[in-house]
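Take a look at the structures below.
Consider the two complexes below, in which chain A is the common component and chain B and chain C are the respective partners.
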Partner chain A sequence: MNQADLAIVGAGPTGLSAALVAARAGLKVWVFDDNALPGGQYFRQLPKQFRKTRKTVYDKEHGRASELFTAIHHPNVTYLPNATVWENPDPGILAFAAGERSGRIEAKAILIACGASDRPVPFPGWTLPGVVTAGGLQNLVKGARVVPGERAVVAGNGPLLLVVAANLIRAGATVAAVAEAAPATARLWRNLPRLLQAPEIVKLAVNYRGLMAKAGVPYRCGETVIEARGTDELEEVVLAPIDTRGRLDRTKARTVACDTLVAGFGLNPSIEMYRLLGCDMSYNSYRGGWMPKRSDDLETSIPGIFAAGDGAGIGGVEFALIEGKLAGTVIARNLGALDERTAAIQAAPLRSRLERFRKFRVGLERVYAPPSTWTELATDDTIVCRCEDVSLGEIRAREAQGFTSAFAIKGSTRMSMGRCQGRNCLPTLAAHIAARDGIAVEQVAVPRGRPPARLVTIGDLLQEDLPAPVFPTDPHLPRGEEVI
Partner chain B sequence: MAMSDAPAEPPDRCEIAVVGGGIAGLSTALFLARAGRDVVLLDKGSPWGDSSGANAGTLSLQVKRTEMFEMGSTSIGLWAAFGTEMGIDVGFHQPGGLRVAESDEQIAFLREYGAEQEAVGFEFEWLEGNQLHDLAPWLGPEVRAATFCAADGYASPLIAGPSLIAGARKAGVRVISNAEVTGARTAKGGYRLSIGRRSLECEYLAIAAGGHSTKIAASLGVRLPLWVDCNMLTVTEPAPRIMDKVVTHIGGIMSLKQHVNGTVLIGGGWQGRGKFSRQTREIDPLAWVQNVGLGARIAPDLKTLRVNRAWAGYEAVTIDALPLLGRLPGLENAYVAAGARGGFHMGPGQGLVLSQLILEGETGLDISRFDPARFPQ
Partner chain C sequence: MSKTDFDRRIATGLDRGEAFTFTFDGMAVTAYPGESVAAALIAHGRRKFRETLKRDMPRGLYCGMGVCWECIMVIDGRAAVRACMTVAEPGMKVETQHGLGPSPNTAPTEGSAS
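Here is the complex of A and B:
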């Protein structure tokens, strides 16, 4: 079996910064990533086959990333792109599929740095061509320099809307409206001291707003998308004001013509690895829902398993970079590659920066805290599970028959059984049940993740050199334990 | 897969209590209710939440022991009848099944087994070489011979569960979730079941609780020896058609089928890591790859598909692999159906037997080999 000091899952900002620190300290590091190129979502690169004719703002960001990217060439680092870590077969061991290199690895420490994905919020028309998520739009722009349309509306919640709007403007698209559900502007001043803990991030936001103002893009707070309309593809969106208590006023709805709707309702940490590993989890709606419990050293409830970056609670790229470095430092110390003193000296500025960012994050969360029930926009016709085409109406019909728990709804509708393995629909289902039963989302029991952590190609699995199986002499006879 | 869970308390009394909301219990309850009887079905958690919801759904006569031929055929007939006669869609399909062999030894065993099965009236076709690969060009080159049985098929545990629960309710069965029977004793005119702090009195008792049947029977002084396997299952993402028959293996270690929605289910009773006593059931990641690998050797197009999900489910079996089916030794009006190898397949037939025993005191099927009294008490 392959051996490593540290196995890192994810080659985004977190994974790469951790790899660099740990490798420089002398640890033997393996980095697994399911993309073809390093960088994750934030530093997503153009495919190698693409040729750039001019530099753009993304290249500037990638300049910042170029040091990170050196991690994959470090002599202590083994980097596996197009690799899926699919199971934790035994403590300290990860099984991965990576074409001919598929296999298992035993590592003294494991860092989960799997990032996040868009929080799915179904509303009427959200499956129309032309409607994309904020993360999806960012991927198109960064990974292919493509803007899906010419006239866009950006709607949802959170600071990512500003980034998306700025990217659309830079790419030459017309942004007809930006609708932020939270009354963010009104809350800004009260929270400014906290926000100014991270002036470098505030500056970015100011730039985005400046770009929007220059392009004449209206930014309206306290407004949400309630419907996307069109016959074969998106033609217009309906926006409605929403008050601070989360009440929609449909009578004041307005219609905006567009061919692209970017809907961004925040991000959810990718938690399937933690579920497989059995880490204790906690719930924080401001940071994307479920996330692993961690110590100050970013260690999960399982000794030797660390979690950092957006996958451990949404914080953004600056957070991710620092957490990655801290995780790399702490792990190097734990494994004896850094002495206590050196590690403490290296970690101190990181910890104080994280502390600053945490205060900033509280401010940001207060500014953008959405009203609690504003996402209940789906109607009976709305598809809530896209893989299996399950509508809210079908769920309600099953509920009327007595299939009321998430397990029973899953079993009776196939919801969450498709290719997304529940990532895109279980949060919706949990929110639906919570609203129906008047309980908190975190109190809703949902089906646990099953291996593999991600879809894995059978041919890849078979690349592993495994012992020949032993067949039972009489397959009819019991193989398990006697019931006592 | 856990199923219906509408909150409801068990009543104080009923005519017939069925314990266990899997395929055997639901079939028993459904047939009794359709005959106009007063039935309460109790499940310790959610009906369909255990073995019935977690198995491969294979309905294959040719993999069963010859003693199970009559029960197996009857059950396949009932699986078909759920949809055609009772309006209960169980996702039943009957594409026919191939039982394949790879080595000389396996081919010899397949012939020997076939001869035994023919002797009890089993109909199949012997296929080898080109003839086999013309019928099933998707089979891998290492598959050299097979028996083809047109009666083989599958039901979908996912579709069948909710349909049967809804169907049973519609027929008048009171289906009660979260009602674990912690003990039973004889009472005047029947039985008194303890359900947590509550109790339920019934005239007739039918136990169809898989591995949990042992404990319930023990409280009535009856020994039902059972063992519990922990079988792994794997399902792929939906894919264009790569196979059009149910496949089983003479080694008894494979079941393969592609559903109507394009997903391929790989089973075969490979053991996961699980202990019934601790209620744990996880996949064993080494045996799992071997299991999937054998599937890909039989149907090589599987190599191009991605696995979506793998899980493990219990299967309670007796030491002679024949069910415990019939009256509980020494007791009146108390019956059991548990421990059949391929219990999902056999469930409707066993339900029919229990319902007939309760309704008429006898059954037309030969269940003499399945008498629970055959094991020392």
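Here is the complex of A and C:
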């Protein structure tokens, strides 16, 4: 079997910065990533075949990105692109699907750095072609320099809406409306001291707002999308105001014609690996919902398994880069590649920078605290599980028959059993049950994660070079107890 | 509105190399080396990628990062391939996926329309 000191899942800002630190300290590091190129979502690259003829606004992160990408060429790093880690067959062992290179790896430490994806918020019409997530829009622009339409509405909750609006404007698209659900502007001044802990990020936001003002793009706070309409594709969206108490007023709804809706309701950490590994979880709605419990050294409840970056609680790219370095440092120390003193010297400035960004995050979370849990937008006809085409009405019908727990709803409707492996609908299901029962989302018991954590093909698995299985002679004995 | 005569690619500061074509439900679509199938289709205003199994609902690109599997299509006869994670190749045959798409047991025949 492949052997490594450290196996890292994810080659985004966190995974790459951890790999660089650990490899420089002398650890043998393997990095798995399901994309073709390193960078994750934030540092998503254009295809290698594209040639930049001059520097543009999209290249502002070129310096940081290039340094990060050197990680995959470090002699101590084995980098596997297009690789999906899908199972943890035994402690310390990961199984990965990567075409002909599919196999398993035994690692002394594992770092989960799987990042985040957009929080799914179902509303009528959200499945129409033309409705994309904020992350999806960003990836089209970053990874292909393509915009999905000519006239867009940006709606949802959080600072990413500003980035999306700016990218659409730069690309020459008309942005008909930007609807921020939270009363963000009204909360801004009160939280400014905290936000100014990260003046570089505040400056970016000011730039985005300037770009929007110049293009005449209205930014309305206290408004949300409640419906997307169209026959085969998106044709218009309905927006409605939310008052300062968080109540939706459908009577004051307005309709905006558009061919694109970018829906960004914040991010959820990708938790499928922790669910698979069995890490203890906690819930923090401000930082994206479920996330692994961690020590100050970023170690999960399972010794040797570490979690960092957005996948361990939404913090943004700066957090991710620092946490990645910190994880690389403490793992190198734990495995004896760095002595205590060197590790402490390396870690100290990282921890103090984390503290500064933590203060900034508190300010940001207060400004953008969502006015709703978003369960009131879906109607009986609204699809809540995209893979299995399950509507809210179907769930309610099953509930009326007594199928009320997440397990029973899953089993009776197939919700969360489709291709996305529940990644896109479990948050919806949990929020629905919490709202129905009047309990906190964290109190909802959700089905445990089972392999494959992410979809893999049988063809990939057949490529694995495994020793012949050892079967017990008595099928009632545990496997491997009695060898033929 | 004709959807073939425009291009939603941002041209600024970029040489994409030599264009080639693949087919989408029999029609030629221009793409550039390294581009994903999803990006090339969207650049030409083709946004409906599939119809669902249970309700025949239209779906297209949603998460854009390989998480949601909404953008699956039939590519070179193989069903349920994510358009956002698949690099376009010259001559590739891309089709709208209806339901589960063709069964893996029925080998696609050359030039067959579905």
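Rule of thumb we're sticking to: the second predicted complex is superposed on the first by the 457 of 484 C-alpha atoms of A that agree within 3 Å, B and C clash if a C-alpha of one lies under 4 Å from a C-alpha of the other, contacts with A are read in each partner's own complex, and residues count from 1 in each chain.
Just so it is clear, contacts are C-beta pairs under 8 Å (C-beta built on N, C-alpha and C of every residue); 3 or more make two chains touch, one makes a residue touch a chain.
Everything numeric in this text was worked out from a predicted model, so none of it was measured.
A.B. asks: If we overlay the two complexes on their shared chain A, which of chain B and chain C does A:Gln197 touch? Say first, second, both or neither.
C.D. replies: neither
A.B. asks: Return first, second, both or neither, reflecting whether A:Gly411 touches chain B, chain C, both chains, or no partner chain.
C.D. replies: In the superposed model, A:Gly411 contacts chain B only, not chain C.
A.B. asks: Scan A:Val132 for contacts with chain B and chain C and give back first, second, both or neither.
C.D. replies: second
A.B. asks: For A:Arg419, is the partner it touches chain B (first), chain C (second), both, or none of the two (neither)?
C.D. replies: both
A.B. asks: In the superposed arrangement, does A:Ala36 touch chain B (first), chain C (second), both or neither?
C.D. replies: Only chain C; A:Ala36 stays clear of chain B.
A.B. asks: Based on the superposed arrangement, let me know which partner A:Leu455 touches: chain B (first), chain C (second), both, or neither?
C.D. replies: In the superposed model, A:Leu455 contacts both chain B and chain C.
A.B. asks: Using the touch definition from the top, say if A:Gln401 reaches chain B (first), chain C (second), both or neither.
C.D. replies: Touch status of A:Gln401: first partner only.
A.B. asks: Going by the contact definition given at the top, which residues of chain A touch chain B in one complex and chain C in the other?
C.D. replies: In chain A, positions 418-419, 455 sit in both the chain B and chain C interfaces.
A.B. asks: Show which residues of chain A lie in contact with chain B when the two form their complex.
C.D. replies: Going by the criterion above, the answer is residues 87, 89, 95, 398, 401-405, 407-408, 410-412, 414, 417-419, 421, 450-452, 455-459, 461-462, 464, 466-469, 471-472, 474-484.
A.B. asks: Which positions of chain A touch chain C when the two form their complex?
C.D. replies: Interface residues on chain A, with respect to chain C: 34-36, 41, 46-56, 58, 117-118, 120, 127-133, 135-141, 143-150, 170-172, 232-233, 270, 383, 386-389, 418-420, 423-424, 455.
A.B. asks: Considering only the defined contacts, which chain B positions touch chain A in the complex?
C.D. replies: The touching residues are 1-6, 46, 48-49, 53, 65, 158, 161-162, 165-166, 169, 175, 211, 214-215, 225-230, 236-238, 251-253, 269, 271, 274-277, 283, 285-287, 289-296, 302-311, 314-319, 321, 341.
A.B. asks: Can you list the residues on chain C that touch chain A in the complex?
C.D. replies: Those residues of chain C that touch chain A are 8-10, 12-17, 32-36, 39, 42-43, 47-49, 52-55, 57-70, 72, 80, 84-85, 87.
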